[in-house]
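In what follows, structures are represented as structure tokens.
In what comes next, subunit A is part of two complexes: it sits with subunit B in the first one and with subunit C in the second one.
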Partner chain A sequence: MTRDQLRHIFIEELMSIAPDIDLDGVPDTADLRDAVDLDSMDIMNLLIALHQRLGVDIPEADAIKLTTLGGAVAYLAERSSAT
Partner chain B sequence: MTKHPIIHQAPSPDRQPNVEDYPALCARFRWADAQAELDGLPGGKLNIAHEAVDRHVLHGAGDKTAIRWIAKDGTVRPISYAELKTQSDRFATLLHQLGVERGERVFSLLGRVPELYAAVLGTLKAGAVYSPLFPAFGPEPVKARMQIGACRVLLTTETFYKRKIVPIRQELPALRHVLIVGPISEALPDDVHSFDALMAQATDGPGIVATAPEDPALLHFTSGTTGKPKGAIHVHQAVLAHHISGKLALDLHPDDIVWCTADPGWVTGTSYGIIAPLTNQTTMIVDEAEFDAARWYQILQDQKVSVWYSAPTAIRMLMRAGAELASKYDLSALRFLASVGEPLNAEAVLWSQDVFGRAFHDNWWQTETGAIMLANYATGDIKPGSMGRPLPGITAGIVERLPDGGVREITAPDTPGELALRSGWPSMFRGYLDEAERYRKCFADGWYLTEDLASRDADGYYWFVGRADDMIKSAGHFIGPFEVESALVEHPAVAEAAAIGVPDDRAGEIVKAFVTLHRGYTASDDLEKEIMAHARKTLGPAVAPRIIAIAESLPKTRSGKIMRRLLKARELGLPEGDTSTLEAFA
Partner chain C sequence: MPSLGADMDDGVLVEWDVKPGDRVSRGDIVAVVETQKGAIEIEIFESGTITRLLAAPGDTIAVGAPLAELDGPAATAGETEAAKAAPAPSAKAAAEPAAETLPERPAAPTIETPAVAATAREKTAPAVEAAPAAKAAPAGRVRASPAARQLAAERGIDLAGIQGTGPDGAVVRDDVAGGKAPQPAPGARPAAPTKTAETTGPARRGFDVDEMRKAIAAAMSRSKREIPHYYLSHTIDMRVASGWLDELNAQRPPEERVLIGMLLLKASALALTRFPEFNGRYENEAFAPAPAVHIGMAVAMRGGGLVAPALHDVDRLSLEELMAKARDLVARVRSGRLRSSEFTDAGITVTSLGERGVDTVFGVIYPPQVAIVGFGTVAMRALATENGVDAVPTVCATLAADHRVSDGRRGALFLREIDKLLQVPEAL
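Let's turn to the complex of A and B:
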């Protein structure tokens, strides 16, 4: 899967959990919990949704890696190539 | 009663616990004697900030680190008691210069930054009343609380100001000044000031206000099943219970490094994330970042945390992150672990005993009680799954409400009833702001009625059974179904709404809402998402439902009241009980 596809999927799952947020102008490096109204539970639900959608194993201790758009795509790319 | 093994605690070889002999201490404890542990101010006056900070400086401990603040990037900044005194003095002066009068309310909508601590203590020094708001609240919960509390001054950041205050600014007539902590990127209205700029000018103030013990100090909001949020008023005298409970229930000693992980936006984050660790002259850890298992273990290790007060949601998330992660860190400095927010399941207590070699000590209290009321102590037995026993100085009981408005105490062991406390302890709330009737209804026959159902075993340990009402408890915090439903029905498509708590592995419960649609709207995934977006925008992620289900109809009583309990029973697959008062479904 390409990074663009992973990015698309990440945003789709994120918008399904938090349809209120606007990612326009949010930099890839910004912590989503600061840049938009997301809390830790949202991130945890996102982790579960991505695990189901992509079939990759994401340990809960890695939740922190999903808190930026750029970091999440890199992490998912690494995890999906490993499996 | 317990199916789980009791943990018999061995006396610590190198440390005298503050509670050595629980029954003996209970027998001799008097609040009037305990008052001697505080310094007070001349003429019988009392101020929380004086007990928390100034007195330690007067006693020569000014150089001691009061707060070790850990920034998101990991930088550690120590703040001494002397510095905290200077900064809080300045904030009191700043409020004075802004014309804030005694008893007026100062709110914060802020993350865990050093400025917050100076501001809370400075507010108390100025004789004003401090009220925290949780940063994950959306504009509606923020507005309701600021309106009820007639907020005069708000402390926040530019981001929160723009996102949560600007949309409601016109509806906050009492608000005079907004203080922005951190950078300001663009010109803001005249009543919006830079915190740093005003602090720099606030030298030479009038000093601490000699407040009376019964003067209001703190205003903590809690949600109700119906109606608006309630503002529970606490007075300066509460500091006696903060101090003593910190000492007895959390075993605080002056050489402790204390980490209370609760956000200061809630009562725990104020009573035990600010006041009690400071009155006990400990060093407290404040971490700016949100939960992350590895980061937490790193902090426990590097900061040599000795007393750790956390919550079931966080503990369950640590459990899921695995024991292997914990084993990579040296956690040998940990001496006492405690948990609050909702009952800590026995499995989590036993897990902590396995993984840390120390068990979490569950304790119980509420916004209204102001301080810990029931606890498992550093000595004696921990019964995993139990909330523990009453604090010395606190009389707890299990009661049954009677039709005449009175109560009857249930003395037989293991018999469920309502948990009640003999009224009159120092941190008991003194009222709900502007709601005398709601306050009065909390008491009967000299008992404060908690609305928590519990039982007491033959050894005097209390066990949580459930709630007497429809309140939802998510991640340890009460969410009022009415507040959620009120926001949902503001969406043009929503006719009726009902919010309930459904079980969740991490948060205990999460909010699920059922909605019915107005004529002309058709249920669809897109509409569900649109309603979800509306709810999150108005309520914020901490309060908004995590699940929304569009229903054909909602079950109601003959009088038209939506039966949340029935929805919940169905959701959980439980017997639906007596449905004779149900109206036929529309």
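Let's turn to the complex of A and C:
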């Protein structure tokens, strides 16, 4: 799966669990918890959605790596190619 | 029209989910109503058959006025709504429950009823005809987020004509905005039928940050005016609870993990079973303890405002069940699909600041409740322990409670009970 596809999927799942956020102008490096006010429940829902959609195992300790768009794409690319 | 808060005077019917002839059971969702708190699904409190709808989408209906007629085996003439109603949301003025007849347009929707169920087997005058259907009436159920409804109302767009990309196909703001979504699904671009705002018909209020701000202002002003608050604070050592939870979560896939906030909620719920004076309602100069532990979970809305819908029977749920319910509740707050019972059932509120909060929250009681428990952020802090001063995870638990109902001594014991329960997390 390409990075563009992973990026697309990540954004799609994010917009699904948090339809009330606006990602316009949010840089890839921004912490989404600050940039669009995601709380721990939102992050948990996002991990679940990504896990179910991609089948990628995301250990609790790695959750922090998915809090930026850029970090998430890099992490998912690494994990999905590893499996 | 049920009262979904102390400050609610009326609501706008958005859609019917039933039609005459439909059989309904207690708890079924029969309609969606737009209030200051967004779109709310109205649950019926009795079983039977819908015989007549008395309101049309777009109508503004006063609290207490009937929405529909219901015919059921248990129905007996003359029985009033209040008799079978859910716990009363609140009442300043003990007005007669429901208006006997429904005027086509309630001129002065100011009745605040003590107890009105989300149903309408009310003896309505047969002469009353359903109001003429609104022009913008949605044909069927349209799932949409509050932001989407607001934007659609502003632009005069019919939500029914839009393909949603949100959860369960819900229409989200970007669907309405058209093309603002970063990666719209193929075909999701709405072919928005653009009517002008003037043609969208009657008062569709829509979710509105300003309206919610007004609702919060009214409730909180009343709280600070009427409720003599007292405040207590207690620091809880979270070494055991955090360690236990980390270990539990490490072995689990994301969908089975539990957030630390659930331990705090469950411990509060169990403590409440031993301290019932913090769970209930103060109305008409008397305290009525709640029959069950339904906890309002404060959820901040992005863009402003907050709601505290009820999680039911928290004391009886496993941590996993509680987590699933809380996730569902937050998702429905985000997409604007809360249910009427969630607005009326809570006997206490718990507010938890989450992981990026601050040390301590001093709550304001949500009337007619009599207490609010607050948890600051769980974080590493200096604590005097058996080893001296250590850096350990702690949380600051606070209680704001109504001095008309309880005293500081009991409040202190209540917070200590929560502490004690958190020291044995496997028993939660």
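Everything that follows uses one rule, which is that the second predicted complex is superposed on the first by the 83 of 83 C-alpha atoms of A that agree within 3 Å, B and C clash if a C-alpha of one lies under 4 Å from a C-alpha of the other, contacts with A are read in each partner's own complex, and residues count from 1 in each chain.
One rule holds in what follows: a contact is a pair of C-beta atoms (placed from the backbone, for glycine too) under 8 Å apart; a residue touches a chain by one contact, two chains touch by 3 or more.
Note that this is a predicted model, so its numbers are computed, not measured.
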item: Touched partner set for A:44, first subunit B, second subunit C, both or neither; value: both
item: Touching partner for A:8 - first (subunit B), second (subunit C), both, neither; value: second
item: Touching partner for A:64 - first (subunit B), second (subunit C), both, neither; value: first
item: Which of subunit B and subunit C A:18 touches, first, second, both or neither; value: both
item: First (subunit B), second (subunit C), both or neither touched by A:29; value: neither
item: Comparison of subunit B and subunit C by subunit A residues contacted; value: C
item: Subunit B and subunit C contact sites that coincide on subunit A, given as residue numbers; value: 16, 18-20, 33-34, 37, 39-42, 44-45, 59-61
item: Complex interface listing, subunit A residues touching subunit B; value: 16, 18-20, 31, 33-34, 37-42, 44-45, 59-61, 63-64
item: Residue numbers on subunit C that touch subunit A, as the complex places them; value: 145-148, 165-167, 170, 172-174, 180-183, 185, 246, 249-250, 252-255, 257, 259, 261, 300-303, 326-327, 330-331, 334-335, 354-356
item: Residues on subunit B engaged by subunit A in the complex (per definition of touch); value: 72, 136, 138, 159, 163, 290-295, 317, 320-322, 325, 475, 506-507, 510, 529-530, 532-534, 536-537, 540-542, 546
item: Subunit C-facing residues of subunit A, complex; value: 8, 11-12, 15-24, 33-34, 36-37, 39-42, 44-45, 47-48, 50-52, 57-61
